[in-house]
Each structure stands twice: as C-alpha cells, then as structure tokens.
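You will see two complexes here that share chain A, one where it goes with chain B and one where it goes with chain C.
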Partner chain A sequence: MRVKSRISSVNLFFLLVQTMIGVGLLSLPHQTHDAAGSDGWISILISGFFIQLIVLLIWLLCRNFPNLTLFDFSKVILGETSGTILNFLYIIYLLTVICYIFIIYVDTLKRWILPETPAWILFLIAFVLLIYGSICNIKNLVSLFSLLFIFILFLFFITFLVYGDPYIDVRYLFPIGSSGGWNILKSTSDSMISFIGFETLLIYFAFIKQSKTISALKGVFLAVLFVTIFLTYIVILSTVMLSPEEIKTTSEPVLYILSAMEIRILSRLDLIFLSFWGLIVFTTIISYTFSASMGISKLIHIKHKFAVILSGTFVLIVSIIFYYMDITLLEKWLKHLCLIFGIIIPILLLLITIIFKREAASTYGKN
Partner chain B sequence: MGKTELFLILFILPLLAGCWDERLLKNSRTVYVSGFDLNENGDYQTTSIIRDLNISESSRGEISISNELVTGKGGSIKEASMTIDQSVPGNYDPAKGRTLILGIDVAKGDIYNVMDPLYRDPRVDLNAKIAVTDNSANEIITHLSENEVEKGEYLYELIHSSEIHSEIQDITLRSIRTYLFDEGKDFMLPYLSKDEEDNEIKINGAALFHDHSFTGQFLSPAESTLLLLFMETQSKKALLTEQLDKKAGGSVSYNVKSVSRKLRLEKEEKVHADIMLQLDVEIVDYPPDHLDKQEMINFLENRLSKILTEKADALFKKLAVNQSDVLGLGRELIAFHPSIWKEIKGENYYEHILVNPKVKVNVRSSGIIL
Partner chain C sequence: MRLKRNKSKKSLINQENLSIENIKSQLNHTSDLKDREIHSNNQIYIILYINSLVDQEKLESKIIKPLIKMENNNILNELYSQEISTAKSNKIAINGLLDGYCLLIKKGRNSEGFLLKTNASTDREVSEAIIEKTILGAKVGFVESLDKNIFLLRTVTKSPDFTVKNYTLGSSTTTNVSLIYLDHVTDPEIIKKVEQRIKSITLDSIRSAGDIQDCIEDHTVTPFPQLLLTERPDRASANLKDGRVALIIDGSPTVIILPATFMTFFQTPDDYITRWWLGSFFRFIRLFSYIIALILPALYIAFVSFHYEAIPLELVYSLQSSLSYVPFRPFIELMIMQLSLELLREASIRLPPSVATTFGIVGGLVVGTAMVEAGIVSYGGLIVVALTSVSSFVQPNLEMSSSIRILGFPLMLLAAIFGFLGIVVGVLFVLIHLSRLTSFGLPYFSPFVPLNMEDFKDTIIRVPSWMMYKHSKNSPHYKQEKRSRKWKLDESEEPY
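Then we have the complex of A and B:
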C-alpha cells in the first residue's frame, strides 16, 4: 500500500534528529570512556561517519520502492511469507527499543529527581503520553518534532554555561589517540548504539517527495551530521570537566556536571536539563511507536489508533517486567539487535534487490 | 474536545495530583554545616548544626528560627547520620550543608571515605566548600554554634573571601572529586584553626594533600598565593607584600594583574620542569614613591623578580618534601610527554620531578599616582 502524505527534506531532518537524540545522551560519555578512554570523541566521530554510509545504503534501498515503507517492500523483496516474518521481527525490534528507552527514562528520573515516586506511576505517565503522542499522522508528527527542536537547542545552551567553570582542564583530552587505533575502532561498535534511530528511515523514506533525487538525502545527511556534532560535543565536554577515573564511576556525567553549576539565582541546572531532556526522549518514543504501529496495522490489518494502543500496552507490560527483573539485560541485547536490524538486514535487502532486480513495479504496477 | 482527550486527561490527573516527592521545609531539619571526625576506635563522628524552622500557629504563622547542635557516631558516615536522624524529630537532611569540615584524623586518612555517601545522593549541594582543621571538627562547630550568629554562613563567607583574595585554591565538593580521582594532580584545602586569644576561627593557610590524604604540612597564605599564580588560577585579586632592604624603602605591596607561564619539561637524570612566570603587577602600596623614574621601576622589578624566584624555590622544595603535586605536573606529563610518564608513574612520581622556577615581574601600573 502506498502512503498518501508527503513530507519535505527539511521535515525529514527534524524527524531524524528527534529520533536519534534521545535516552543515550546522558550516559554516552561514560560508555565511550569505558570503551575508548579519553578518545571517546574520536570514536563518536568515526561512528557518525559510518552511519552516514549506512544511511546512504538505506536510501539506495528505499529509492527502488518509492512511497513504500519497509513493511511493504519487504514482501516484494523476500516474498509474502518471509516478508511477513521480517516485518514481525522489525516490529518486535522497534518495540524492544521503546521498552529500553522507557526503562532508562524511568530509572534516570527515579535516581535524579523523583526517588520517592513509585516506578509504575512513571511508567503509566509515559504510557499515556506515548499513546497521546502517537495517535496522529505523519504531518502532526513533523510539526510536533520541529517545534520541540527548540528544546535540543536549549540543551545546547544549558551546557554552554559550564564554560564559566574554572576546573576545565583541556589536558584530559591528551594525548590524542592514546588508547590505540584498534581500540578506538573497536569501541565504535559500542558507540553505534547511541545513534540508533536511523533505522526508522526505512519507514520515513516512503513519505518523502521525490525520493529518487539526491535532494531527499540532504536532510538525512544534515541530521546525522547534526547528531554527530552534538554527541561529540557532549563527550568532549564531559571529558574536559571530569578526570578519567572519575568518569568511570559517574554514570551520567552531563547531569553530574550540571548539578554543580550555579549561575546567580539558579542552581541545580541538571533539573532543568532533565526536564528538557524528557521532552526529547518522548519524541524518540513517539517516533518509534509511530513506526511500530504502522507495521502492526499492516500486519494484522487494524486501524493505526488501535495499533498504537496495542504497542503501548505491550511496551508498558514488558518494560515493567524488565525494570523489576534486570535493568541491564535489554541493553546487552540491544547492542547486538541494533547492529542486526539497523545495518546487516538493510544491507542484505539491498543486495537481494540488486541481484534479483526487484522493483516496486513488479507487484504494484499492475494495480 | 474529543472523548479520547477527555478520557486521557481524567486518566492522567490522579497521577499528577499525588506529588509523591514533596518534601516540606517544615518537616526537614536542614543542615548548615557538618564536620567529620575519626576517633581511636575507627568510628566516625558527625557533628552538624541544624536549622529548625518553627511556624507558630498562634501568631499568624510567624516564623522563628532556632539552631541545634547534634552529633552522631557510626562505623560509616551514613551510619553516623542515621544515629543523628534517630535523635532529632523530623528528617535529618544533610543536603543543604554549605560547608564541610574534616577533622585532622579524617584528613590524614583517605578523605574519600567521608565523601562517598555525599556523591551518591542527588540532593547534596555539590558547591559546598570543604576545609581541614588542625584539631577536631567537633571543636570548631561547637565554637561556631556558641559564638557566631551566622553559624554555617560565617564559615562559608570566610572561605569564600579567602578565595577571592587568591589565598586558597577554589575547591568545591564537585571539583575535589576530580582531583581525588586524578593520578597526576593534587590539591590544597583551607586550613582552619581556632585562635584561643581572639576566640575566633581563622584560616591559617592551605593544607597540602598528597593523593587522598593530608600531608600534615600547610602553606602560608602568601605561599599559597604564589603557588596559585604558578597554576594560573588566581582570582581577580592577588595581593602580595615583599620586604625590601632599608635603602629601597621598607616594603612594597602589589597586586598581580595577569600571569603568563611557560613550562618546559625535560627528562635527564630526573624530570626537570623549568617554569618561567611573567607577572604583570600593579603597585598598590609603596611610600617612597619615585615611580616616575624608569630606573626606579627597573630596580623594583629586578628586586621583586629576585625575591619571588627565591620564594618560589623554597615553595617548590616544600612541595617536593610533601610530594604534593598541586601544580599538576603529573597531568602535564601524561598529556604531553606520555613516554616520560611511563617511566616515572606510580604513587610517588613527584620524587622524580625537579622544579626550577623563575619569576619575572613587570610593573605595569601604580594606581592613579606615580
């Protein structure tokens, strides 16, 4: 089924930036530091470059099937049965990501600002917001996301205030490359998880006007570039502010730094940061739910509205189970899952498309 | 408004109205200053001044404030504060403490033992100041609670004003953790003592730390100012006074306007650190005048450069004895000379470093007269 609405390249930029910047932002410096030491920022830059290539491949794949989402063209490429299975797997994957975001979101809020509030309350609030935000069409999504883009700029602005701090020590970045080239390259696979969100392009490319021309790609490239720069900036900031051993025992370096900042009448900037960050995380959740629900509604032929409620309920139950069972389990899975679903499967699909010359026209042309 | 929205709003309202995390000011016992001591048995003793807020219901909600001195003992800092919590009505809430005092026994051990529970609590004010005393923290706080009206604020202002005059390093609860975890950097904390004659608490200088513990030695305010100049972290005011010989006219006071430092590290038998410090100063007190003559200025510059170089020499000898790398030379080596660092790294790396300071003073201004 061809999608009806169209969005522009600029809209795609906002969609993608909002989907990619999310829950990983806070703990990113800690994770990259574990993997690559003070060279974490290099590993982010390399990952960013790598993601640009992946995005290019996804575009090459999607341009063969204008106005078709992954859930439609998978059947064209793999045939009816295996296509449906792949769709199902993708839906499960997207829902897992939402569960992961839910858990990290609630956990962070509970540790930093709401220690007394029971976790299920926070899960319930997130659930309601998820459903409220995701019952909409792509146009609403775009207008919401472009409005909330201001808050990403706010996050930028808040972190600028840190430069008043006298303890900044640029020497923590040196010697550049001390962890060794191989270690840095290896760590890129870890930092890749902070870029997840690009795989939603498999769905969003269907909505774009003139997806065959290179201009469709412009917004996407700029989005990935923006995210790369933003994450690199956050990592460099934390590396400069905290000593190497200290980052290892600080799970949210950005919040930790901000909680010590004081500007005249304002202190505890981390609380302000967290409330803006909450909005940014919600755009990620909404974007993923929107994609997953599209898949569900196509898979079992129900309305988008009911698909959203279905996926929301699934996420609520699963995330609560995982939250009380083992918080870190999902993260471990996700590291591999995002490589498989974000990179390996799109590449395989692309190869099959090229070798067997699959085209949208072959099935839908007749209608 | 559609039915769905209405339903959602009704659904979400009871979730928000709960205010699960409210903490009323009237219920919590806010701490203004805390001190930590270690007794012979290895137990920690926490002493705090708590500010009580009493809202009387009879006289139109008038607020009266009273202070209370509380102590608690325990095997860890957390246990000690639990003991306090049991002895006060309401919640003992250490979050707002603006100043922390470390007793000498705590400071000589691993001070991170005391800090650890503070970093785990998201509500602790990470901008709190930390100080070391020459005796027990209990004594200082007892004195404060008996003699000072402002209690905790008094100590905070005392430390803060010393920081503004570049007499001690600007260290907060947050920045001290960076130093503690950094293998190539040490730090100094304000060194408090109770002056028996004046019955006052004073800052005697800056206590030198090596790794996680107090070395037992401290720098005088003038020495510490000089060291801060070498670190290029002085604040706006950095006033120094030097005694000149009779002929040159007694003494001269000057304020350092700006600093530029050149650091060269070389590995010979030991690691030689040649530091060249250029100070642009403003003369603020020099009764003999005659600063209109160029030779007078030159003379003053030469004299001051010589005196300061000698003082710096003595200062770095003192640091070397205590192995206190406040200057952060270790970090400099890690960052820019990793090969040298590899040879000398270890807990006592400062033994291998020989500092050779040189100071050059330039008189740039002399106030509104010459």
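Then we have the complex of A and C:
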C-alpha cells in the first residue's frame, strides 16, 4: 500500500538525525578507545563516510519503489512468502534495537541519577512515553523531532563549558594513526553500532516528496554528516580530556568529564546533560517504535494504535528479562545484526532489484 | 443550575402566512407585546411591537406620526425608519420583533408586513479595558453590544476588505454572532472551517464566548487555549490584519480571535508601540517567566529531595537551616503553599479594590511570614512559590497563565517521585502534546513546530515593523514594507 503523507528533505534530516543520535553517544569514546586507542575519532570518520555510501545504496533501492516502504517492496522483490518473512525479521530487528536502547537507557539512569529506584519502574516510565509518543502520524513525528533538535544543540553547548578545565591535553591525540591502519579499519565495524538508525531510511524514504531526484538525498547526506561530526567531536573531546587509562575504566567518559565540572550555580553538569540526552534518546525510541509498528500493522492488518501497544508491550517484557539476565548480551547481538539488517540485506535487495528488474506494480509505478 | 423545563411543544398553526393572532400566540400573549391600530388614508394599519425592546420616541416620531399624516398609499416612501424589510412568514416576523423591530401590517392583506427598525439601545458607553491593561496602547475596550463592537473594530480597521457575516445561534433562545475577517488577507481555508464549525453548533442557548469556544476548538483535552479571548479592539484589529478571524457575540464584551497559536498569547499591543528592542525584551521576559513558572517548583523539589549535590554547597547549608524545621516533605510543603496561594488568588478576584489591598497584605505578607516562623514551610519554598506566582502574573493572557497552574502540579508530583528524570519526562510529555496540537488546522506551536525561520520575526523577538512580513501571500501589500525605510539609503552620507 502506498503511503499517503509526504515530508520534505529537511524533515527527513530531522528524522534521521534524531534517530541516529541516541543511546550510543555516552559510551562511544570508551568503545572506540578499546578498539582503536587514541585514533577512535578516525574510525568514526571512516564509518561516517561508509554510512554515506550505504545511505546512497538504500536510496538507489528505494527510488525504484516510490512511496512504498520496505514492508511493501520486500514482497515485490522477493515474492509474497519470503517478503513476509523478511518483514517479520525486520520487525524483530527493530524491536530488538528498542530493547537494547531501553536497557542502556535504564541502566545509565540508574547508575547516574536514580541509584535506588527499582529498574522496572524506569522501564514502565519509558514504556508509557513510548506509547504516548508513537501513536501519531508521520507529520507529528517530524514536528516533534524538529522541536527537540534544539536539545541536540544544547548538548553541544554544554560540552563547551568543559574547556575551562586545566587538564585538557591535546597531546593525547598524537601521534595520529599510532594504532595502525588495520586496527582503525577493524574498529569501524564496532563504531558502526553508534550510527544505527540509518536503516529506518528503508521506511522513511517512502514518505519523501520526490524520491527520484537527488534532492531527496540532500537531507540524508547532511544528516549523516551532522551525526558524524557530532560523534567525532564527542570522541575527540573525551580523548583530549581524559588520559588513556581513565577512558579505559570509565564506561561513560562524557558524563565523567561533565560531573567533574563545576559552574557557579550548578555543581553537576552531567545532570543537565543526562536530562537533555534523555529527550534525545526518546526520539530514537519513538522513531524505531513508529517504524516497527508500521511493519506490524501491515503484517497482521491491525490499526497503528494497537500495533504500537503491541510492540511497546513486547519491548517492555523482553527488555526487563534481558536487563535482569545479561545486560551486554543484546549489544553483542546487535553488533552483528546491524551489519546484516542495515547493510547486507539492503545491498542484496538492491542486487536482486537490478538483476531481475523488479519494479513497483504498474498501477503505481508510472507516476 | 438548570431548572426543569416545560417540554411541550407549541403547535405552529399556519406558520407560512403572516397572521397577528398566530404571532401573539407564539409569543405566549406576553404582556409587553403591544399592538396599535392606525386609520390613515382610508386604510387600517396595525403596528405590532414588543414594548420593552422598542424606543418609544422613535416609534412615535418616525413611524406613527408619518403614518397618520400619510397622503398616498406608498408606505415605503413615507416612513422615516432607516431599515425596512418585508416579513413574509411568522418566523421572520417573530425574530424581527425579538430584535426590537416593529411589525407593520396593512389590514386586509394579511400576507405581507414590514419590519421597521425601532430598537432601543441601552448600551453601556465605551469605556477603558479593565483586564488587559497597556501602558501606551489605546484605552478603549469592547462593550456588550454587537453593533458597537463592530463599530469599534471598523474604526481601527478601515479597509474595503473588512467583511462581516452574521449568524444566529441557539435553538430556544437566539444569540447573534458576527464573524469578521479581512478578505484577501485571511486564508479562505480558515474562513471555510470556521463557518462550517459555527453552523454546526446546535446548542439550546449561547451563554457566553465559552460556549462557542467549547464547540469550535480543535482539541478539548488540553490545558492550552486555542482561541484568544480579548477585550481590546486594537488587539483584535491587529490580529485581523495578521490574517486571523474575529468572532463577536452579542451581549459579550469578550471577542474571540482565532486561530490562535501558542505565541499569540505572548503578544501584547505594547510590544508594537514601544521600540523593537524593548518589545523584544518584554517578549523574552514573558517566555522566560512562563518556563520559570512551569518548572521552578518542580526543580526546587527535585534539587532539595534528590539532587542536593547539584546545587552549590553554600546554598545547601542555608536551605537546610530553614528546611530542617519543616515536618513535611518538600512536595507537601510546596503543595500547601501553592494551594494557599490559589485560595488567595481566587478570593481576591471578587473583592472590591479597596479591600483587596488590605487582603493582599494580610493574606500574603502576614500569613506567609507566620507560616515560615511556625515551621510549616521553609524560606526556600516560600521564595519559590512567590517567584512562581509572580512569573505567572507576567503572562498577558489569563487562560495561558492558568495552563501553568494545571501543568505545574503534575510536574511537581513527577519531580517528587523521580527527581530530575520526572521533570524531563513531564516536559517531554508536554512537548509531544504541544507538537501535535493544531488550531483550525494550523500547527499550534507554530514557529518552533514545524521549524519556520520566517515566523521567528514576531515570536521570541519582535523585529522592527519594516522588516516584518505580511502573513498572507495573497495580500497585495506582501513584502512592501521594507521600502518604508528606503529613505535611509538616500540620506546616508559617503564617508569621504
């Protein structure tokens, strides 16, 4: 079924930025440092460039099926049965991502703000917000995300306060490339997980006004560029601020830096940062839930509202189970899953489309 | 309270043809319905009117006198009434009578009558606006009469585009409502929507602007008002020029402006009278105070009961010294204060001004200080509540400032349960809600959602008027205003 609403390229920029910047932000410097040492920022830049290519491929795939989402054109490409299976897998993948975000979100909040609140209460709050935020149409989603974009800029400004710190040492960045080219390249696969969110383009491209022209891609390119620069900035900041030994032991270097800062009226900057970060993470959750619910409602033909409630309940239960079982398990899975669902499957679909010349059904292919 | 009603329906005998007996029985033979027979020029005329609604002087000198002295049978040429219309059915005749017209019927030819305007007016004189005060703006306020209000609006909005459309609402008692807009400036879509919604109102009777507001607003489950109520003609006129629509209800000095967006409630006429620096400053202060009034109590609770390590150490000591005597949790403490403040506010509204001052001193100062000294609330809590209420008084619009009160309590509760996270969750709820609201199809949180840089010129700041745009692109004056300052180029001197 064709989607009816249309969004502009600028709207897509907000959608994508808000989906991509999310939960990975806090622990990213720590992770990249594990893999690439002080050259983590190079690996972020490389993966950013890589994502641009992937996004281009996804666009090439989606432009063959104007106004069709992944859940529709998968059936055109693979046929009814295997298309449905693929849709089901994608829904499961999207829900897994939400679970992962839920777990990291609650875990971080518990460790930094509310150490004594039971985790399930935090899960419940997140659940309520997820339901309330996701029962809407794409226009509401865009307007919310563009409004909350201000808070991403706030995150940026808060980090400026750090520069008063006397312990800044640019030499931590040098010598550039000391970890060796191969190590840096290898670590890009690890930093890829902080870019997840671009695969929602498989769905959002359907809403864009003129998906065939290159202008549709402009917002997407800018979004990926913005995210790359933002993440690189965060990684460089943490590398400069903390010695290699410190980064190794702190799982959220950004918060660690900010908590040491003290401005006149506020002794805990990390609190402010965390609250804004909380808003940003929610946009990611809402975006993913919206996509997943869209898939569910197409799969089993129910209303969007019930699909949201269904996926919300699923996420709530699964994330609570995983939270008490093993926090890191989902992350390990996702590192591979995001490569499969974000990169490999779109490329395969593109290849099939090109080789077998699949096109949207003639009823809507012509205009 | 509604009293029990007589449900029996009147039999409408012979509704089509005009007959005096029918009219009388449909008006229940009310005592102030008078009729008079006049013999003139070999004809018998009957004048029917409701005594209490008719200006006696007008009736005698303009209708009865010329009628008696009439030489020929052409009524329309002889009478001095400014408005004459023919009434062909009982219904039209009755509506006319209720509006203060008198009905003139030539006996023998019962099927035709004339409605002559003779209505009395007991309007209050135009006086100063009481609630929405300005420093430099016009002082006039709307009154209770529909005609006079339209007159007030027209005098400040001289334009051939000025369009009035009349509606009669209510099924048992009728109320006249006028829809006013500037053609070519207002979006026809909005006019269409408003008309459609007004026509669908099927209330028994319209008591006030609130009834209409309830029926036509987009969202009812929201603390945010979507229609602007004003009592100032200059404000209404400025909004008309911006492409909005005004609704005037007969008998109500409050005019409805729609569609109103969030930022509309932060504009006052003073912003545009003072220089733009000052205007922008006021705007900023108002927005800032809105945010303060909304989250300051919640922040206080979160800081005091959860994150005391986040505030500077000196402040912790001084807060703690007065907090340690208070037996309640910060949330309860603030609730006590907020509730007593609401009491004070509600009590002072209906007091005469002379008593209100004394009341303010006793209620505010004496009770406040005594409460702190008795150890019921702390100094910190008192300061927070006082600041909050002052900030909420800064709001130029009453309804918008009451949205603070409605939203403030849940935020306080969330802050008391989850601390800082609770505030974030609450604010996110509000933001999601705001981003979804619409007002007559327009996004409510407008320049922010969807992000529109052009509209920022008249929101957080107010740019000079020559830089401002015209709201409607259909307007012939679109973007002409920049020329207003072209003289500057001509006058500028070369540096060498």
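In this text, the second predicted complex is superposed on the first by the 361 of 367 C-alpha atoms of A that agree within 3 Å, B and C clash if a C-alpha of one lies under 4 Å from a C-alpha of the other, contacts with A are read in each partner's own complex, and residues count from 1 in each chain.
Going forward, a contact is a pair of C-beta atoms (placed from the backbone, for glycine too) under 8 Å apart; a residue touches a chain by one contact, two chains touch by 3 or more.
Not measured: the values here are computed from a predicted model.
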Which superposed partner A:L279 touches (first chain B, second chain C, both, neither): second
Contacts of A:L114 with chain B and chain C, given as first, second, both or neither: both
Partner chain(s) touched by A:S178 [first = chain B, second = chain C, both, neither]: first
Which superposed partner A:L148 touches (first chain B, second chain C, both, neither): second
Which of chain B and chain C A:N140 touches, first, second, both or neither: second
First, second, both or neither for A:P166, with chain B first and chain C second: first
Partner chain in contact with A:S267 - chain B first, chain C second, else both or neither: both
Which of chain B and chain C A:Y132 touches, first, second, both or neither: both
Residues on chain A lying within both footprints (that of chain B and that of chain C): 113-114, 117, 125, 132, 267
For the chain B and chain A complex, residues of the former touching the latter: 4-5, 8, 11-12, 15-16, 18, 20-21, 122, 125-127, 170, 172-175, 177-179, 181-183, 185, 233, 328, 331-332, 334-336, 338
List of chain A residues in touch with chain C within their complex: 10-11, 14, 109, 113-114, 117, 122, 125, 129, 132-133, 136, 140, 142-144, 146-150, 264-268, 271, 274-275, 278-279, 282
Residues of chain A touching chain B in the complex: 111-118, 121, 124-125, 128, 131-132, 135, 166-167, 169, 171-175, 178, 241-246, 249, 256-257, 259-260, 262, 267
Touching residues (chain side chain C, partner chain A) in the complex: 306-307, 309-313, 418-421, 423-425, 427-429, 431-432, 434-436, 443, 445, 448-451
